[in-house]
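As written, the chains take the letters A, B and C, and residue 1 is the first residue of each chain.
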Amino acid sequence: MREIREALIDAHRAVGKTNPVAPSITNFVTVEFVANAQLAIGGSAAMVYLPDEGEAMCRLAKSIYINVGTLIPSHKETVPRTVKCARENAAYVLDPVAAGMGDLRTELLQYMKAYPPRIIRGNASEILTVAKLWGLIDGTSGKVRGVDATESVETARAAAEHLAAYIGGAVAVSGKEDLVTDGKRTVVSKGGSAYFTRITGSGCSLGGVAAVYLAVADPFVAALAATNAYNVAGKRAEAQARGTASFQVEFLDALSNLTAEDIAACEMEEV
Amino acid sequence: MREIREALIDAHRAVGKTNPVAPSITNFVTVEFVANAQLAIGGSAAMVYLPDEGEAMCRLAKSIYINVGTLIPSHKETVPRTVKCARENAAYVLDPVAAGMGDLRTELLQYMKAYPPRIIRGNASEILTVAKLWGLIDGTSGKVRGVDATESVETARAAAEHLAAYIGGAVAVSGKEDLVTDGKRTVVSKGGSAYFTRITGSGCSLGGVAAVYLAVADPFVAALAATNAYNVAGKRAEAQARGTASFQVEFLDALSNLTAEDIAACEMEEV
Amino acid sequence: MREIREALIDAHRAVGKTNPVAPSITNFVTVEFVANAQLAIGGSAAMVYLPDEGEAMCRLAKSIYINVGTLIPSHKETVPRTVKCARENAAYVLDPVAAGMGDLRTELLQYMKAYPPRIIRGNASEILTVAKLWGLIDGTSGKVRGVDATESVETARAAAEHLAAYIGGAVAVSGKEDLVTDGKRTVVSKGGSAYFTRITGSGCSLGGVAAVYLAVADPFVAALAATNAYNVAGKRAEAQARGTASFQVEFLDALSNLTAEDIAACEMEEV
């Protein structure tokens, strides 16, 4: 665990020094929150929607963020071309928002099996759905209900570990407590706030922040750094918040003031 | 009026208990505000843009929110298919933002005459324009000026009552004071803040919140619950605000802290 | 300089009196921020994406804002038709976000050479790229890196002056200090905050605010009024901010409370 904490410190410092850009193809609902979270943590943002721009970004940046939250017809071409290019030139983080809902989303997620991300970040339902879609687990998938989690983090543990092993990267499952695994090591990260479920975009923006860390660290460390950052900043924000919107303001403020030591000191345990 | 207040209390409590999802097809400008307002009031959000996803949402949820604010070409198919499916499987709330502007918006609003919403929420100009478009009133329509109201609420009263009777639901007209009618009863709800006109999305998000209440209440009660919630929370927020952005934060905070009794105690009168 | 200050005062007062709408075709990331900044300064907002709506807006409003930040396929038709119509019926402000990245963006910016805006607002890299694209300067262009500036304002001065002369309007180059020129007069405006680079949309929304002023003032005064407003409000916000998100709230609050005298009193010097 000491080794992990040191790697987290290194990752956060490297972001501060190099200000890496992690371009995104992300949904329309929380795109501003994603950008502001990436900037708050010390990274840089660039959002694109056209296929040639997705490819250009993969040649420009070390890591990309792909969130399939609100698809429009052009995503049918943009996402596969970007995913393929990211696999060849960069790394990418996937947030499979609402996995299981809609034909295009399913088609895109199936395509990604051949060009997998280095990090997948989702709630338990989404992780279960992707693992099943890729044939990595049997059994009934998590039920889709809007974009909210309906399964507990623990129920997705096996799916997350299988997925992480398959992609050769890391999977972060967000919930009351968060689980981060690379298929060999599995860590639970604690803190955060119940307010995270009462604002839109905490999960999406966590994925974007993981992509920033992925530009400077390995997938496991990147996924854990982002998760810890959210747990520490979320806990601090809750102490100041007077409602859902002031929570979001306090949260981004806290994120923008985090130190490498804060991220390493987050309550964690191997499980 | 006592009966109405009791129904408002029931509606708000039912939202708190069942956390209903009210999926939206809504504009790009205020989509995050809509989602955060729906979450603040105790509901859940899911935004979609593709036709099969609109239909899937109508089979999944009891009520849908359709806001025609910023159309892109795919809306030409998504909105009619969703509207038709919502009429068959669920109920929907319409916000006819900028009614009268652009060919596609007019085409979509005309289509809705055959598959009407259960609630229409708009400013006076928009309500007048829809009533005229559907042939429910004569005379000159409200003039379109960007997305702002140019007519007073009172001038739209007759149009609102005709519309409500036609759709067999309720119409909410937003203005300095707000009018909610089901064609038989007409109530004016008071409070709010002049700041509502100095931020974008107060009207859009009110429509989204009405859709949350529509999942658990009849159209008149749902429209009034949302309107009252905005008037109470808006008034509280104004007392704390130091400018337009802190007003928005305070408003969402107040919305997230509202009780059923707050909503029932809003200043109202039948007119 | 006294004459300029008086013109700034007149511009801000005219906005307060006439509440001009400055419709936008702008990116999905910061569209809400753009609208809220336009409203905060006393203008009105209306965002569109379809070609006939862009044209309708050019016949309705005195000035338009076009920001090429996040293009989708429909922009291929919407932007040229709007630009042409704006040149014939109104004026427009261009924010060439990420100029140099992607085929469509380059195609659209090239088209604009024949139907130029009255104001261009960008960072140094973007201004250099447009000046080179239009054949107004030789030499290597600014390098594109996401949407961040990589060149200093001073390096773009000659390009800005050439561009301003070519368009018969004004160019505003945003940076640590901001440069505004009409090709004859060049003014540096000071203040602002380092936080502007740690939130998304400060540049985009500045362009939208410039479009509000352009409805009531000449391009040079409009560009300078917007730039000064940002420098004054940014400086005030920084004094109150506890992190990036509270900076944004404080900034919009300060913008919504600015007086004409505040804008005229901003630290400026002719260079």
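In this text, contacts are C-beta pairs under 8 Å (C-beta built on N, C-alpha and C of every residue); 3 or more make two chains touch, one makes a residue touch a chain.
If you want to know which protein each chain is, UniProt gives these names: A, B, C = Hydroxyethylthiazole kinase.
Remember, predicted model here, so these are calculated numbers, not experimental data.
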Inter-copy rotation, chain A to chain B, in degrees (Cα atoms; steps of 5): 120
Same-residue or different-residue interface between chain B and chain C, half as cut-off: different
Distance between chain centroids, defined by C-alpha means - chain B, chain C (Å): 33
Chain B: positions in contact with at least two other chains: 28, 32, 72, 248-249
Chain C-touching residues of chain A, taken from the complex the two chains share: 21, 23, 28, 31-32, 35-36, 39-40, 44-50, 52-53, 56, 60-61, 72-74, 248-257
Chain B-facing residues of chain A, complex: 27-30, 32-33, 69-73, 98, 101-105, 144-148, 197-201, 241-246, 248-249
